[in-house]
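Take this structure, written in structure tokens, and hold onto it; I'll ask about it next.
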Amino acid sequence: MLYDLRMASIPDPSYYEILDFGYVELIDFFGSDLDVVNSAKVSFASQKQEIDESCVGLINYLVKNRHATPFEHCVFKFRIKAPIFVTREWMRHRWSSFNEMSMRYHKPNKIDYYVPAYSNIRQQVGKPGAYVFQEIEDPLKKEIYYKNIQEVYRVADTIYNYLIEIGIAKEIARIVLPVAQYTEFIWTVNARSLINFISLRNEQNAQYEIQQYAIAIEELFKKTMPISHEAFETSGRLPI
Amino acid sequence: MLYDLRMASIPDPSYYEILDFGYVELIDFFGSDLDVVNSAKVSFASQKQEIDESCVGLINYLVKNRHATPFEHCVFKFRIKAPIFVTREWMRHRWSSFNEMSMRYHKPNKIDYYVPAYSNIRQQVGKPGAYVFQEIEDPLKKEIYYKNIQEVYRVADTIYNYLIEIGIAKEIARIVLPVAQYTEFIWTVNARSLINFISLRNEQNAQYEIQQYAIAIEELFKKTMPISHEAFETSGRLPI
Amino acid sequence: MLYDLRMASIPDPSYYEILDFGYVELIDFFGSDLDVVNSAKVSFASQKQEIDESCVGLINYLVKNRHATPFEHCVFKFRIKAPIFVTREWMRHRWSSFNEMSMRYHKPNKIDYYVPAYSNIRQQVGKPGAYVFQEIEDPLKKEIYYKNIQEVYRVADTIYNYLIEIGIAKEIARIVLPVAQYTEFIWTVNARSLINFISLRNEQNAQYEIQQYAIAIEELFKKTMPISHEAFETSGRLPI
Amino acid sequence: MLYDLRMASIPDPSYYEILDFGYVELIDFFGSDLDVVNSAKVSFASQKQEIDESCVGLINYLVKNRHATPFEHCVFKFRIKAPIFVTREWMRHRWSSFNEMSMRYHKPNKIDYYVPAYSNIRQQVGKPGAYVFQEIEDPLKKEIYYKNIQEVYRVADTIYNYLIEIGIAKEIARIVLPVAQYTEFIWTVNARSLINFISLRNEQNAQYEIQQYAIAIEELFKKTMPISHEAFETSGRLPI
């Protein structure tokens, strides 16, 4: 019966395309809002068979009062493809598990590099920690941006392939590749740590690119644990 | 298909009685030996559809060389009942999640207290860290042990109930209860941290009582991830 | 110069008596408010030589916006003596390090047991998570409480000593001892995790006894990192 | 007196130059071999005033039997400058704290890029996980390597600066920069987690570049905690 509950809660779709070559896919999951309730109710040696109004109240109480441990018994496993500069922020979330593609060990047939969409080429506006997302207005500057970043990608990619070809070790050939390069990884994370991630990364001061991933992850969280998600919203979207 | 694999790997039985009133129950799980392989193979951007000989070799290589992260993507959720003196050791395993019955909030109708089996009443033999399990030989001493510990339980239990009855707060009535008292908790833990637990607790220098729990947990680990378990055995049962 | 700063910030006294036999002692420390500032300013590749107004603003900004990592570079080491029922709550704070006296290995000459002060014998009032501290009014009930808990301690202590005397292993003799028993431990914790502890334990819904420890720890935090402490207060005393 | 011990153990030098532009500097520390002993001896409610032969035996026993927690009460704080591809490996060590320079917030006046020394330009030899360090023999290939990686750095650097100049946001200008770029960070880590780092990174299968950092860190560990270091060596340099 546990398993019916769980399988029911795997959302469809569980796969989201992000940016130009990236994606987020939920590949495994256990837990539910009911599991949060029952993990909390262990304190009272009692259990619920199904979600009712009192459960909604309890989940809201837990979030509001930072009683975070009951959320740790729901666990998500994702497969993700993202640019290196995004993963560098992501892997600072230490209460979770990562395995990533290694450019020491693996030479991809084709490397993908992130190119921002036309409307996402932005100016430097605002102060650190409070940047304002403002599109570059001058179309010429956009052209310059495109032409130039792609020129770097072309040069770096060509040279990387050439160095491999003449027998240079992969681990020191790859050092020329830009942080716009896409990489792939597995991420296993419990709902508490996931909430922390969403709180910090689906937030206006997070960089636009990681925010796109955080939006997809929040959507998957909302679909699997709708009551917990709403409690998170209601309490001000703080880490717990 | 992922789910077939996973459901297939939930062992039957998943519930073990431990000591006189305790138990270990595996209530949820995701992962498999194949998931370990595929988490490791993310490094090479490759995947396996099923376990073959090369997978066995890879898992052994990972354990032997302490490449532990691929084991973190398999996650177990247990429900456990154990004496407080056992849980005090258990909850020192920090890379995992706990929710426990609270005697501040809950007064059980009947409290269970651990009484060792006849053959488990042991003498003080050996040095700290290298105790030798040696049964008390004198049957009279066993009788004394039984009569006396049960006398403490009786007095403490009676007084606890009486204090509650006259209106004393649960949180300061419970302070008289002995560490032999059984408690219940939920434990969510990944396979890496589980291996660490087994390595330290299903071991001759661990106290007999926690070892009984660790044996059951090792059995459940072995049934769900037999190749990983064998690699752990082969490599000398060290933490990874 | 780093060391002058640090030594200056070791408060005097660094030792507080808690409850009837307990204590908290700060035995080592590195860091300061200035270290928080400079850890944050690594982002900008800049550093401050001393605290000024802008530093105060930055620390408040960090706390308010849950930019918690700069607080992790200040680390405290405490020596603590507390009843087992208190340490059971304490050791659930996993992002920190513990070493504790072991009753498997060590038989104290004299065991201390917690007896609440006269004014701390409280009734059961309020709901779980929102208990109201209300003294028992009837002096007779207080007498009953005292007489009875001390009777449990006396019986348990006598029997424990007797079981040891006849050669029972320490590890199964100690199981009769009540959770009121005092134990000792070393606790190493960074300022972020310390703030989390204070937020949850120096709080009206925490049990009175652990709150007394949390008050002392907050006092030591305030003396060593006054600006960070004030930012924590101002922002609503939330975990970060 | 604690402080004399501690100050005495800050090694001179505490700063090591690594690779062409990197460094490791120990900027703060508490603990000592004696602190490991005393953290372990808390189990027995006993303490040592100074290191003697029995302490050496105890430390070796702890390492050999993976009793790792006493090593967590010694804490190091480093300042480090390293290429991004090195820090990407480094920041996977989750039981420690990091604050890093941010290219979203900060544009350096001059960016440093890693160029391997002449004798470190190596071929692709061996299998993943068991690479053999073998210098490229053909001097012409070395010339090609140098010319080409520096060409990528030149193009990426020029374009990065140009994009900033025309007003592109730093956070999307920096995406062209290669992972050879140097960055700076603060790392706070306890001795247990440090041993884990050394075990995995000062090891023949680690990439040469991170190994250079791990060698310096091991040297600083050895100078501050010589007995613990020797026990780590003796026991086979495993993680604990």
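Order of writing sets the chain letters: A, B, C and D. Residues in each chain are counted from 1.
Just so it is clear, a contact is a pair of C-beta atoms (placed from the backbone, for glycine too) under 8 Å apart; a residue touches a chain by one contact, two chains touch by 3 or more.
What you are looking at is a predicted structure, and each value in this text was computed from that prediction instead of being measured.
Common neighbours of chain A and chain B (chains touching each): C, D. Comparing chain pairs A-D and B-D by the number of C-beta pairs in contact, the larger count belongs to A-D.
Averaged Cα coordinates give chain C a centre that lies 33 Å from the centre of chain D.
Between chain A and chain D, the centres computed from C-alpha atoms are 27 Å apart.
Measuring from the averaged C-alpha position of chain B to that of chain D gives a distance of 35 Å. Of all residues in chain C, those that touch two or more other chains are 43-44, 69, 92, 98, 102, 105-106, 128-129. Taken chain by chain, the contacts link every pair, so each chain touches all the others.
Taken in their complex, chain C has these residues touching chain D: 2-3, 6-7, 27-31, 35, 38-40, 42-45, 69-70, 72-73, 75, 77, 97-102, 105-106, 108, 184-186, 188, 190. Looking at the complex, you find that chain C touches chain B at residues 83-85, 88, 91-92, 94-95, 98, 102, 104-106, 114, 116, 120-125, 128-129, 131, 136, 141, 144-145, 148-149, 151-153, 155-156, 159, 162-164, 166-172, 174-181, 207-208. Residues of chain B touching chain D in their complex: 43-44, 61, 65-67, 69, 92, 128-129, 199-200, 205, 238-240.
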